[in-house]
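Next come two complexes built around subunit A: one with subunit B, the other with subunit C.
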Partner chain A sequence: MVGEEMMMMDPSGLKAIGAGLAVGLAGIGSGLGEKDIGAAAVGAMTEKEEMFGKGLIMTVIPESIVIFGLVVALLIS
Partner chain B sequence: MRLLQKIRRKSRSAQNRGSSNYAYATARVRAMKSNLLPIDTYPRLMNMGINEITRFIQETQYKQEVDELAREYTGVDLIEHALSTNLANTFSKIIRFTEGELCYLVTEYLRNYDIWNIKTLLRGKYYNAPVDEIKESIVSAGQLNYSFLAGLADMDSYTDVIEGLKNTPYYTVLKEFDGTNLSDIENMLDQMYYSGLFHAIGGLGVSDRRLLSTFIRSEIDIKNIRTLFRLKKYTIEDEEEIPQLILAGGLELKMDDIEKMIPLSTEEFGQALEKYSYWKAISNVVGSDMDSLIALETELTKYSIRSATKFSHAHPLSIAPIMDYIVSKRNEVSNLRIIIRGKASNLNEEVIRNQLVI
Partner chain C sequence: MFKPKEMSRAIIVGHKDVMEDTVNALHDINTFHIENFEEDDSGFKIGRSFQNAGDLSHKLVKLRSISSFLGLKPQEQNKQNVEDLLKDLDSKLLELENVVAEKNSHKNRLENQSKELETLKKDIIPFSGFSLDLGLYRGYKNITVITGSVKEDVTVAVAEVTQSYEIEQDLEIGTVVLFIRNEDRDKVLKVLSNFKFQELRVPDVDGIPNSLLANIEMEESEINTEIVSLEAEITKLKEKYSEFILASEEILSIESEKSEAPLRIATSEQTFVIDGWIPDDHYELLANTVDNATNGRGFVSKQEVTKEETNIIPIEYDNPKVSKPLEAIMDLYARPRYTEIDPTFLIFITFPLFYGLMLGDLGYASTLLLIALGLKKYVKIEALKPFFNVMIYCQIVSLVFGVLYGEIFGFSLASMHTAHGITAGLIPGFETIELFHSPIGNEVITFPVHRTHLAMTMLALSVVIGVIHINIGYLLGFINENRNHGIVSAMFEKGSWVIIEIAIGLLVLGYLEYIPMAAGIVVFLIGFIMLVKGEGIAGPLELPTLLSNTLSYTRLAAVGLSSVYIASTVNLLAFERIMPDEFGIMTIFALIVFFIGHLINTILSIVAPGLHSLRLQYVEFFTKFYEGGGRKYNPFGYIRKYTEE
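This part shows the complex of A and B:
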């Protein structure tokens, strides 16, 4: 019975799940990356305020992974 | 399977000490290191008078301490106090912003300032040094705070100081002091510090503990080489006394090797050192005409700074950058102190320059 239901599942639903996973997992990945970079940036900024600009740029670099995820999600759907 | 064991081991250590904030701590320490005085500052300081140096230092990271202490002290005393207080504040700050395992290991390492302070107090009281001079040399970067140590410095005699330290772990060694064996007590305190430190580091399963252990063992080697050169220069050959002055647990120079080196002459000792990695650093200054050990000691300190920096580059997210900063900061304060004391005693510029570790 279960197998039959699986077979009848709408492919667009699977696409939506795939798109969700692409964005969600990319978000988690970049979050993990940003966690340490952000901490390091704050640490450096505490001692040298002029590190703010560099720190900010470094912190958002992993954000590009989410953009890849978003692009993949758009391509899927 | 090995991975599983590694994860288990990591989680066990995390239970013990909590997780560490490596990214934050190492980045902050690196930023702090970039705030240290650049090398080209020292020649400029050499051309300044005491007041100019005070003003210069007031514009750097020592500002807060100089401002606070300016009401109580002037001239050389002001700078000395400001340097000691800044060193203590900086190291206490490191302990405050590190977490978990990292904090634990740094705290254990910085206990050497407790030993330093106890030695300062004992020596000061033993030779009846003025209270102000004793307080000047106190660096409260360890677990004993400044007000407690200053209170001890105000006491009348060394027996009172020892009684005041009754509740500390050092009392077991200090109670052996009978008024004649100060150097023995000092050696025992050093040995107690290192054995306590190795005990605290414990198993070397965690990479940070392994790194700290390597760092400390290399530090012990350098101390032993320095001690051996001093013994040879002053031709001390007392077979009972020498082993007490040697610290166990070196990285390259094992106890057996050192025992073989003790009866050698300075020249032979130099040759025996050739097979160790420290030789490269001191080969230029070791020779038969070693009237002064200043050059040798400077080279050894330079080597320890260089190797700490190399260590921190090889292990960027570990305790190594923090140890590197501690070594560099300590050296900066020592250099400033040399310049100031040298200037105050009207020493020749060349003599002061030779003492500096740049």
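This part shows the complex of A and C:
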């Protein structure tokens, strides 16, 4: 019976899936955000080397998302 | 320590007769930042460079071209006396120039010869199948010689159009040679064109192709040995003259810098005016130097700096030696402005601290410490030195946290008793000591701190660190604002944030029913109104950053934990999944997995904690108070490496 099998599923497995999704999806999100900013930052840097600091800051702003994902994963597991 | 060096604007005025002496003296003390003169309607003109400028730059160009021909690189050597060097600089330069020119033309000649031989060889090869003297291919009156390349046998086709012919064909190389009567030429060519015939030129030499080729190869190898010995001679030349070249390049650079200085100076018919900046504590030195160099005929005076001018004051850091390397990290972002707090010393504390807090592994830290020390010793690039020093600071802090966490390459040093049983440590008999209960998440604080079992506490701790760090930022912002725009503006712009933070604290207390909610709400409204007044409509829009910035500090715990998990996964894979009970091929495989896994994690250990620590400074900390954008202080002078006076 399907219902009974569902009942027997180990909750720790679901937690692991949840944690994995939290990090993985957040990582994809960060990556999507960073890819455009990073490309633009590299472009700006070749024009003007002093842009490194500002470029780095802009690039890593979406990085927080994956950290939040990681924190959520830690909270779940 | 917390602000840039104090600068004064100084003006040096004198008669043109003493301009050269003044410029020389200024260059020697290497502390006066010249403000370039731009012509305006004041009547002053840009000066003319000193007489020897053309000669000097001519020599400098020569020397640099020689230096690049020899492939000279900066090196460490004894300092040479300027006078000795200058005495025979011209003669030595001429001598060197002649030698180098000779070697250069010799090398070019050999290379050209080698190229010519190569072309000749390519031309002869198609005829190497025939043992016919190349001289016999030309010089006939009634006979036409057709030479070219075809892929197929053309004998039959040629026989159809003419009876009197002689044909040689080498199908392997694809060459055909035809001796025909002059009048048959067009007919035969027409036939040949059906076979993708391409005409080949017979090289203009005499002899049997094969013996010619053998000769060419012999000649080529001779030229190659000659080139090799020439290159050895050039290397010897480089060794012999490197000290001279480096030292004289330095002298010439210095002299040409001096001789071109008038191009930055304002002059009238009889006088000159040098405008610039000098660190306050060097003002006396400047005045005395100019006075001595000109016998009292040059005058130095201090100028009042107006408020608008503070933006163009060149910035020189004023930090203790120990925190100097962090200036490089500051420069990556931007130099401070003159009226701003210089946060280098704070970065000196927090950057390595955050790095160590994240990495905290004895194994990785000591590996990276050794790498950093090695790089510092063997890499001679001046611009990279500060970064190696910063890396060393970071690794030292990481070692301290490594001891606190009791971790080495993801292994725990101490054994630990948990509800799930005993986890053995690397050091036998080293037991984890339970200290006290953490207020969060029912966790127990131990020594060594097992990060993986204290995730909640670590996360909470990093948020607390974040709150402290951000508030230091607001405090610095308050000081900056107070200094530049007064206390009222500082209260509205920066103080309002602190009040809102207090309000959030009160609201939490109110939610927990320790105090009435109204208190929090009232304080929040006060803060909110102040914020709108201070920062305008953008202020409230930035309110959520208070939350995201604080939560951002959770990376201090999270990045560290991810590094531990990667390390222990590598260990698990290598020693428990792959490593067999008996020695065998899988033992080696396990060791490879162990090695490569930790190699990757070591590289990640520079990138991840480094970038995240940097980001916390740049994004979360600096945005609270730092503007940056100061001009670099660039004194007129030269730091001698290879020469001394």
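Just a few scattered comments:
The definition used in the following text is that the second predicted complex is superposed on the first by the 74 of 77 C-alpha atoms of A that agree within 3 Å, B and C clash if a C-alpha of one lies under 4 Å from a C-alpha of the other, contacts with A are read in each partner's own complex, and residues count from 1 in each chain.
Heads up, the rule we're going with is that a contact is a pair of C-beta atoms (placed from the backbone, for glycine too) under 8 Å apart; a residue touches a chain by one contact, two chains touch by 3 or more.
Predicted model, so just to flag it, every value in this text is computed and none were measured.
Room for both subunit B and subunit C is found when the two structures are superposed via subunit A, with no clash between them.
Contacts of A:17 after superposition on the shared chain: neither subunit B nor subunit C is touched. With both structures placed on the common chain, the touch criterion links A:74 to subunit C but leaves subunit B unconnected.
In the superposition on chain A, contact is made by A:51 with subunit B only, not with subunit C.
When both complexes are overlaid on chain A, the residue A:32 reaches neither subunit B nor subunit C. Once the two complexes are overlaid on the shared chain, A:43 sits against subunit B while remaining clear of subunit C.
In the superposed model, A:9 lies in contact with neither subunit B nor subunit C. The superposition-derived angle at subunit A (between subunit B and subunit C) is 60°, Cα centres, a multiple of 10.
In this overlay, which is a superposition and not a single complex, subunit B and subunit C have their closest Cα atoms 7 Å apart. Once both structures are placed on chain A, no subunit A residue is touched by subunit B and, in the other complex, by subunit C.
Looking at the complex, you find that subunit C touches subunit A at residues 332-334, 455-456, 459, 548, 551-552, 554-555, 557-559, 561-562, 611-612, 614-615, 618-619. Those residues of subunit B that touch subunit A in the complex are listed here as 21-28, 30-32, 34-35, 97.
Considering their complex, residues 35-37, 39-48, 51 of subunit A touch subunit B. Chain contact summary for the complex, subunit A toward subunit C: residues 50, 52-54, 56-57, 60-61, 63-64, 67-68, 70-71, 74-75.
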